[in-house]
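Report on the following structure.
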Amino acid sequence: MTIFSRRAAIAVLLAPALVLLLGVFILPMFSMFVTSLTSPEGGLGLDSYARFFTDGYYWGVLGKTATIGAITAVATLVLGYPVALFMARSDGWVRGVITFVVIVPHLVSVVIRNFGWLMVLGDNGVINSALMSLGWIQRPLQLLYNEFGTIVGFVDSFIAYMILALAASLYNEDPNLARAGSILGAGRLRRFLTITLPLSLPGILSGLVLVFSLVISSFITPILLGGPRVTVMATLTYQQILITLDWPFGTAISFILLATTLLVVTVVTRAFETKRYKEVFGA
Amino acid sequence: MTGSRVYDVELTGITKRYHEKIVVEDFNLGVQRGEFVSLLGPSGCGKTTTLNMIAGFIDPDGGSISLKGRVINGIPPHKRGLGMVFQTYSLFPHMSVRENVAYGLKTHRVPKAEIIERVDRVLALVRLEGYGDRIPKHLSGGQRQRVAIARALVTDPQILLLDEPLSNLDAKLREELREELKRLHNETGITTVFVTHDQEEALSLSDRIVVMNLGAIEQIGTPKEIYGSPRTEFVHTFIGRSNRFSGTVTVARNQQVHVTTAGGLGIELASVADVIGGDEVNVYVRPEAVTISAAPLDGHLTQIDGRIQAMTFLGAITEYTVASHGEKILVRVQNESDRFQLDDPVTCWWDPRDALVVPRKVAADGTLAA
Amino acid sequence: MTRPKFSWLGLVAVCVLIGTVLPFLVIIPSSFTSGAYLTFPPQGFSLEWYARILDRPEFVHAFGFSLQLASVTAVLATIIGTLAAIAMSKYSFPGKAAVNGALLSPLVLPALILGIALLMLFSRIGIAGTFIGLLLAHLLITVPFVIRLVLTGLSGFDYNIEKAASILGASPLRVFWTVTIPLIKPAIFSGGIFAFLVSFDNVTISLFLVSNKQTTLPIVIFNYIQDSLDPMIAAVSTIVIVVSLVPIVLIERFYGLSKLFGLSERSETP
């Protein structure tokens, strides 16, 4: 075990992974960034970025993307919190089963899950046929090929991330805190609002940030459930790259998307991280 | 190899640094055949690093390591033919006791029939007959460590290395396994290097103890020498307990040398060799070296009058704290001698030859370091 | 905590969970319909639509291609990821934190961007739309999972065990095969299975890298359901669900799904 063989061992063990990372990740990312800076005439320039920011249409797409991302993130929080709390409050096989049910759908391809929602939300889908046969509606509700359908698909796709982020945070809570609260006269709701909820803030923050960033870069669900009427940043990019074949513009949009993600993540994190938050949860 | 004697393990001028921080410096040690040598010191003293250098897990930056006269620097651990027992047991969790013990024999391509026989023999030696098919998870801590010892011994290694093998066990088991180690060493006569931070273990098991501090050897000696005649300040304070008196050397007209503490306590010194008048020194005396009596004695002994300030009954002995001139003197006496009560006036005395005098270092700004 | 009796919390949770499995509750039964149209609830029972798949060579071919791609990806990702994880766990070296971050970074970046970057690189060097291109892309997104899983499996690994084997005369290679690998086998195995799953189900990156001839099953389904919905595609989807479920159950059996997602409260020492 000389120094030499130690170094050699590290090098041999890491080499395949690093070569892969360098060749199939760092190199293409760099060259993609360079492409986004290519102007139509061939030289370097910010033309593609300028084209995006000078056209109100694209601003609208950006705004709609962020809105859908925010609505989805909040929806997963509202729907996911009870599930995570239930997981944290149960144990043994109950918790195991719930964890399994949360994770499994998430591991099946998004295409399949979206296909299921096509069947649920379509004009002849489960919901519309049920409502019509009950006589509550005369004509099918438009649940598909719009923002609503897109958001439903997104919530289904990403709620697992939210639940797991919340659960990780809720599992850490000392059960004696609730007991201490109740000795001090706090009722159930008060205990939740004053103890459990504030202590799960890190989970809420990381869940929101994670879901938001996943949503705004997804294009499969908007294509399948939103249809041509729903254009978001990711579908715009997809069209530019694979259909219009305008690579400089497509790559520029995708970098604007990335920058938006970072910006929103930073702003939301800042907003959450009050002085007290940092003192309590900081490293 | 200077002397005519060939040591089983010989370390010459071993030095190890990590990022310029010296971990072991100029370490010299020869371990004789059949000897049980302990490396004793606080954590971070370099004892484990030294053991790992013997094992081959760490390469020294300088110096040479020999096994039976053969320099083994650079030889990987699996070619050194050693046995080692780790603090964390480190049994292979996916193998039965028998498979664990047989592992070293398999790597040495011992024939199957012989493996069975030798494993049985060594399991009997550590009193684990009938446990061969258990897996480590289903053994107690003491049993696991006995398996680890069996695994180390089965290959008949040239040297047995023990890396704090008892520190993960609770007090009672630790004592039990300590006796077991002693018995195994007596029965096998294997040359053993033992690393520990526990002075009791080192004192009770070793032929010789190497006391280490800050990467260097403080003292090498038999347990009796280490305890009875500590040669450095560190050994005095690390092993057992010691009374420390800080004071200034004064030489009287009759050539008598005293140390006078700030509180005015006078301590007579045996020799004047290393100190001159005005030196700042620390004087160390073991509590066992101090005797107390109700009345002063005759003769040239250090005698201190004081009062019993505290006493603790410790079974066979009693520990007294005697207050005198602002100093507290710790005294340990056998219980068959006189008993004293709190506040009794007493005289403490000791043979000046039992005291260690160490000059205090003077820092650059002129202040004294403790 | 006692068995939950009735709780509003539980009721709400169960409703949400039913929502998340709703797509499967709809797809699987309707694939067995004997009717001509995709309806829920299905009419009658038949395996007719499964038989019809065989008349569509593009589905059969894509299924085989996906299986092949996922298998090769799983094997290679397991090897590459395990080696890297061992290096990360066992040794400390300058820049280790940076290397760790870099190795996991392909998971942080949106698949959309990765897909575009790879499309541009691969079309430049001529491997866009080929098996090897897809393989490289899938390796990039599966190796980090294997690394993460094996690293979890190695956390708390007592490297003294390797030392013990080595001092007993085992060469480094022998230590690796007889001690290290057996002890982290569950983690390695789960890593490989998970890599298979990720590769088999991937759409977002594959979409940029497939060609008409070399295409994966999820992509064929993606293209198909944009035009028409019929019981045949429900049958195909059911097959995909089953193929995905097998690895999931295997991981749950051998490793525990929750560990996969960092939810383990008590990590078992190997």
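All chains are identified by letter, namely A, B and C, in their written order; residue positions are counted from 1 within each chain.
Here, a residue touches a chain if its C-beta (ideal position, glycine included) is under 8 Å from a C-beta of that chain, and two chains touch if they have at least 3 such contacts.
Owing to the predicted nature of the structure, the values given are computational and were not obtained by experimental measurement.
Here C is the chain whose Cα centre lies closest to the centre of all protein Cα atoms. Centroid distances built from C-alpha atoms place B farthest away from subunit A. Distance from the subunit A centre to the subunit B centre is 60 Å, each centre being the mean of its Cα atoms. Subunit C has its Cα centroid 18 Å from the Cα centroid of subunit A. Separation between the centroids of subunit B and subunit C, computed from CA atoms only, is 55 Å.
Taken residue by residue, subunit B touches two or more other chains at 56-57, 76-77, whereas all remaining positions touch fewer.
In subunit C, the residues that touch at least two other chains are 172. Note for the complex: subunit A touches subunit C at residues 6-7, 9-10, 12-14, 16-18, 20-21, 23-25, 27-29, 31-32, 35, 79-80, 82-83, 85-87, 89-91, 94, 96, 98-105, 107-120, 122, 124-126, 129, 156, 159-160, 164, 167-168, 171, 213-214, 217-220, 223-224, 234, 237-238, 241-242, 247, 250-251, 254-255, 257-258, 261.
Residue ranges of subunit C in contact with subunit A, taken from their complex: 1, 3-4, 7, 9-10, 12-13, 16-17, 19-24, 26-27, 30, 38-40, 79-81, 83-84, 86-88, 91, 93, 99, 102-103, 105-106, 109-114, 116-121, 124, 136-137, 139-140, 143, 147, 172, 197, 200-204, 207-208, 218, 221-222, 225-226, 229, 233-234, 237, 240-241, 244-245, 248, 252, 257-258, 260-263, 265. Within the complex formed with subunit C, the subunit B residues making contact are 55-57, 76-84, 86-88, 90-94, 103-104, 107-108, 148, 151-152, 155, 161.
Per the touch definition, subunit C reaches subunit B in the complex via residues 158, 160-161, 163-172, 174-175, 178-179, 182-183, 270.
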